[in-house]
Amino acid sequence: MTLTIGVDIGGTKIAAGVVNEEGEIIARLKEPTTPGNPKEISGAVAKLVLALCQDHDVVAVGIGAAGFVNAGRSTVLFAPNIDWVDEPLAELVGKQVNLPVIVENDANAAAWGEFRFGAARDDDDLLLVTVGTGIGGGIIQDGVLLRGGFGVAAEIGHLRIVRDGILCGCGQHGCWEQYGSGSALVRMARERVHSGAVDVSALMAAAGGDPAAINGPLITRMAQSGDELSRDLLTELGRWLGEGVATLAAVLDPSVVAFGGGVPESGDLLMKSVNEAFLTHLPAGEHRPHAQLRIATLGNEAGLIGAADLARPQVS
Amino acid sequence: MTLTIGVDIGGTKIAAGVVNEEGEIIARLKEPTTPGNPKEISGAVAKLVLALCQDHDVVAVGIGAAGFVNAGRSTVLFAPNIDWVDEPLAELVGKQVNLPVIVENDANAAAWGEFRFGAARDDDDLLLVTVGTGIGGGIIQDGVLLRGGFGVAAEIGHLRIVRDGILCGCGQHGCWEQYGSGSALVRMARERVHSGAVDVSALMAAAGGDPAAINGPLITRMAQSGDELSRDLLTELGRWLGEGVATLAAVLDPSVVAFGGGVPESGDLLMKSVNEAFLTHLPAGEHRPHAQLRIATLGNEAGLIGAADLARPQVS
Amino acid sequence: MTLTIGVDIGGTKIAAGVVNEEGEIIARLKEPTTPGNPKEISGAVAKLVLALCQDHDVVAVGIGAAGFVNAGRSTVLFAPNIDWVDEPLAELVGKQVNLPVIVENDANAAAWGEFRFGAARDDDDLLLVTVGTGIGGGIIQDGVLLRGGFGVAAEIGHLRIVRDGILCGCGQHGCWEQYGSGSALVRMARERVHSGAVDVSALMAAAGGDPAAINGPLITRMAQSGDELSRDLLTELGRWLGEGVATLAAVLDPSVVAFGGGVPESGDLLMKSVNEAFLTHLPAGEHRPHAQLRIATLGNEAGLIGAADLARPQVS
Amino acid sequence: MTLTIGVDIGGTKIAAGVVNEEGEIIARLKEPTTPGNPKEISGAVAKLVLALCQDHDVVAVGIGAAGFVNAGRSTVLFAPNIDWVDEPLAELVGKQVNLPVIVENDANAAAWGEFRFGAARDDDDLLLVTVGTGIGGGIIQDGVLLRGGFGVAAEIGHLRIVRDGILCGCGQHGCWEQYGSGSALVRMARERVHSGAVDVSALMAAAGGDPAAINGPLITRMAQSGDELSRDLLTELGRWLGEGVATLAAVLDPSVVAFGGGVPESGDLLMKSVNEAFLTHLPAGEHRPHAQLRIATLGNEAGLIGAADLARPQVS
């Protein structure tokens, strides 16, 4: 059984793990990220890889990183959080660890992980929607990761959901992640608090009276304990998510849509709303088969597992 | 050199042709469609195929048809113009002609044709946008036709471009084809005529004084002869097309986008506007490579050629 | 006590009544409308007026009619349902009945009625929103009917609520009445039925299995008996109404907003949703006094009563 | 001839002037504002008024201030730039200067000035649109200032022009001033610069290479000297302004719409675009008289002149 290493470079830490052919992580290590020193990251990754190689016979390394990765899976063209420009990450790490190294967009890697070992392991056509600060995504089509002509496909958080809508960090207006992400949920909560339109007392009490202390997990918790406002907010978030998935389904026709990031914690209430909006907004919905909407199962290890598996040499 | 037959079932006629490995049509036949008798269409297709087989040594048949085609490429689940429900078209034709038969969505077949022999023959990642009464599309990813989990992907005309927008025949609001199709162009022209906002005299004169006589080719002709209103209308159509392609590019990352249908006739003015809107609306446009926007080259034979080629047995 | 006659020219009938200074109708008559013969309507109105004058000492006549009425209150510039062009209605009726006659837009007349004797009789600043096939409206500002520079103000049904939205009969897109009227309610219901997204069985059963038999009163009745879908539909209608009133409030700052037409029948559920959306969408809502949202009280006699009162000579 | 004093409390200075019955300013004084000390402003106003009273026989004072003013014209309920809450400004100033004092919203005062002595002095129904950092407005209906039930009407900058659009400082999304103000113009310019979609070299050179140095007057100047990008930006601004005025016209039916603030400097190119969009988007435009769109004529003294005139006692 061949072993590979998956690496997940996040905003605050680098996680690495040895992954077997069943997608199990049999050893792990991690280290804090130092985003101020982009050039040091390849060294930190190599250090983790070399440490894991001490005890495991590893044949390749797969790295998942937020950002645009080139079509050759070697170079990070642009990253939102780390100051890289055309960073040749595969080469930089590879020459230190003396193993084949590939780089993949982190959401793509997570989609691959969920396809191989998670929510869609019984299917060939997956759309993964990761709901966090923004919305990330990955697409599997007929068992193949859809990478696009330049390697930068599946930036579904920047699907335009509202024409002339809210300004996004990408420079465009109305991107999906301005309405359907965890950040959007918090923004909607604060707007409701300020509008004075509804009973905000319970949520405000839970936030210690400070609107700035409202966050996604708090809203989820309050919704679960029955707070009407928090339930409304999750319902509205679900509506935006369902609307976006419906329009993506017209283009991609996935058989499974899996939701990761913070969605698994929010659970049934959110998914009920997503499902309803998806069915209401699916074009020609009565004439076409419907994708199954599922919760992702690998949690925040999907990217690491997927990156490791993508690095695994194909047996011919 | 193996030969195959491509068949294109359109709203008014069925066209069939023998296609060689270079994508050349070396013989053709056609017959009017009788949409009132959906059950007779398979017989009409078989008749054309058998006639072409008289003089040509054909190994397989590919049929392109508007509608949802199942994942197995055998059955039309639903067609907008012909009253088929789960029509087993491949089987019905196959047992009459005694050849392998596959069915494909017509826009998918056209995309395959443009990828193999047309506007994207030098590339592996194509988005074809066909602008006619509606907007059709096909997607090639890494040299493979993207068909979706149920066979009904690439219904890009139903991408939602305006939330709560114009009602579409599919039951949803704000579909792209309500803003970027030939029908939308004509609707916009008539609205301008009725609003009295601009100088409509030249276009109205060309339409013989009857707003109902305004159509896409007329607007194109008037624009080419310098009519300000017609030029404005094509510019606006281009803007809608460019906006839609920009948001699709975030999801699909094509390296080539080809425009077929009525676009080739409308030419430079339209494409200039499409390009401008595409670049203005592409998310994170300064950090990612840009697709090339091209005019499709196979005209209305793209579907027939593509269907024939999809039917061709893979040489192992 | 002076008496005046109010006339309400509707799509199917002409109603006339003698109204006293308390806004009470002390005698009434009506006649079917013959929309095919626009020139006969002034004669029919005169006939009703003369009949009422037999028993009552009347000093003036006020006519309410759907359409654009000129600033001088004498001529109907354009009517959506009757084929009038610059119809000098006041003069045509006046010379037959030998009394002073004024013409007013029917929704304006209704607003005046509600201001003088109905939902806003205790206030000076009213926005009346009449929800029927479309949305009509009238505005009272500081006790004066707001008629506009050309007499055609308060066409609030054509406030644009969605940019590039649903096409309206007025030639524009996204008018409020495409989202917040009774017709819109029915359209939404049929879309839900076709999308298959929710449990439509109860509503469909009530409609005898025929989507075309769904209408506003049926939805209201089903909502009152607890049907989830019908309740959702009224909630959504209320949301659109509340959003529109919120943006109008920023412009007009009414102290009372009254809802007429079919709203009084729909009752609490609808008004709850209107109120919530109004408060959520009111700009700078926490820094400004809020209008009271009320149900209109004069029913479909508001126009007749208001027209009669507008015709009453001012006592100096 | 009675004289009154008008005061304009702006973000950076307080301007006061003695105004005669022809609307001429015959003496002026000004003082810098100190927004940090809201309580000192009434004293500063009183000082200016007393100084002007030395040489002029003044009968009343009118103060224009940004913010919500109560229906009694005495108290500022809320001001966006000065930290006032229910500030009894008329009383505070009045007891120091011993004259009748009224307070009015500054944009309302400016509308009154333009109605009495400026762009609409020949008309009775005016909508004034002031385009600056935001969009302000004032409405004259049949010769009367429309103040609303609570005194806070005509907040036209918060008309919702895009559903779910850009977040506004008022807490709502899609307010007109997020698309049609000077700030919006600058934001659009910077977005274009970052998108790399068009030739930005001339504008960037004029801004010394710094996108942060782009401002409205610079764009206007570049447009006048022929820069294509700057001309496009003014055209787009005009489109948003025209769309907003068209929907307001359906509600208010003004006979004159005057544009103040920065619009007079931008001139013909901007107004051409405003006019075109107005006519294209006016509901039922072919059936109703059209307002005249004009440039305001009193410049930034409209508010001072209008406030002074509103304070003038009515001759009985």
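All chains are identified by letter, namely A, B, C and D, in their written order; residue positions are counted from 1 within each chain.
Note that in this section a contact is a pair of C-beta atoms (placed from the backbone, for glycine too) under 8 Å apart; a residue touches a chain by one contact, two chains touch by 3 or more.
The structure displayed is predicted, hence computed values, not measured ones.
**Student:** Compare the two sides of the chain B and chain D interface and say whether they are made mostly of the same residue numbers, over half shared, or of different ones.
**Tutor:** Same; most numbers are used by both chain B and chain D.
**Student:** Among the chains, which one keeps its Cα centre farthest from the Cα centre of chain D?
**Tutor:** Result for max centroid distance from chain D is chain B.
**Student:** Quick check: how many Å separate the C-alpha centres of chain B and chain D?
**Tutor:** Those two chain centres are 51 Å apart.
**Student:** Find the geometric centre of each of chain C and chain D from their Cα atoms only, then give the gap between the two centres in Å, rounded to an integer.
**Tutor:** Their C-alpha centroids are separated by 33 Å.
**Student:** So which bits of chain A are touching at least two other chains?
**Tutor:** Expected reply: 162-164, 171, 194-195, 282, 285-286.
**Student:** Specify the contact topology among the chains shown, as one of line, ring, star, complete or other.
**Tutor:** It is complete, because no pair of chains fails to touch.
**Student:** Show which residues of chain A lie in contact with chain C when the two form their complex.
**Tutor:** 163-164, 192, 194-198, 276, 279-280, 282, 285-286
**Student:** Report the residues of chain B in contact with chain A in the complex, numbered from low to high.
**Tutor:** 68, 77-78, 123-125, 139, 141-142, 144, 146-156, 158-163, 168, 170-172, 175, 243, 246-248, 250-256, 281-289, 291
**Student:** Of all residues in chain D, which touch chain A in the complex?
**Tutor:** Those residues of chain D that touch chain A are 162-167, 171, 173-174, 179, 187, 191, 194-195.
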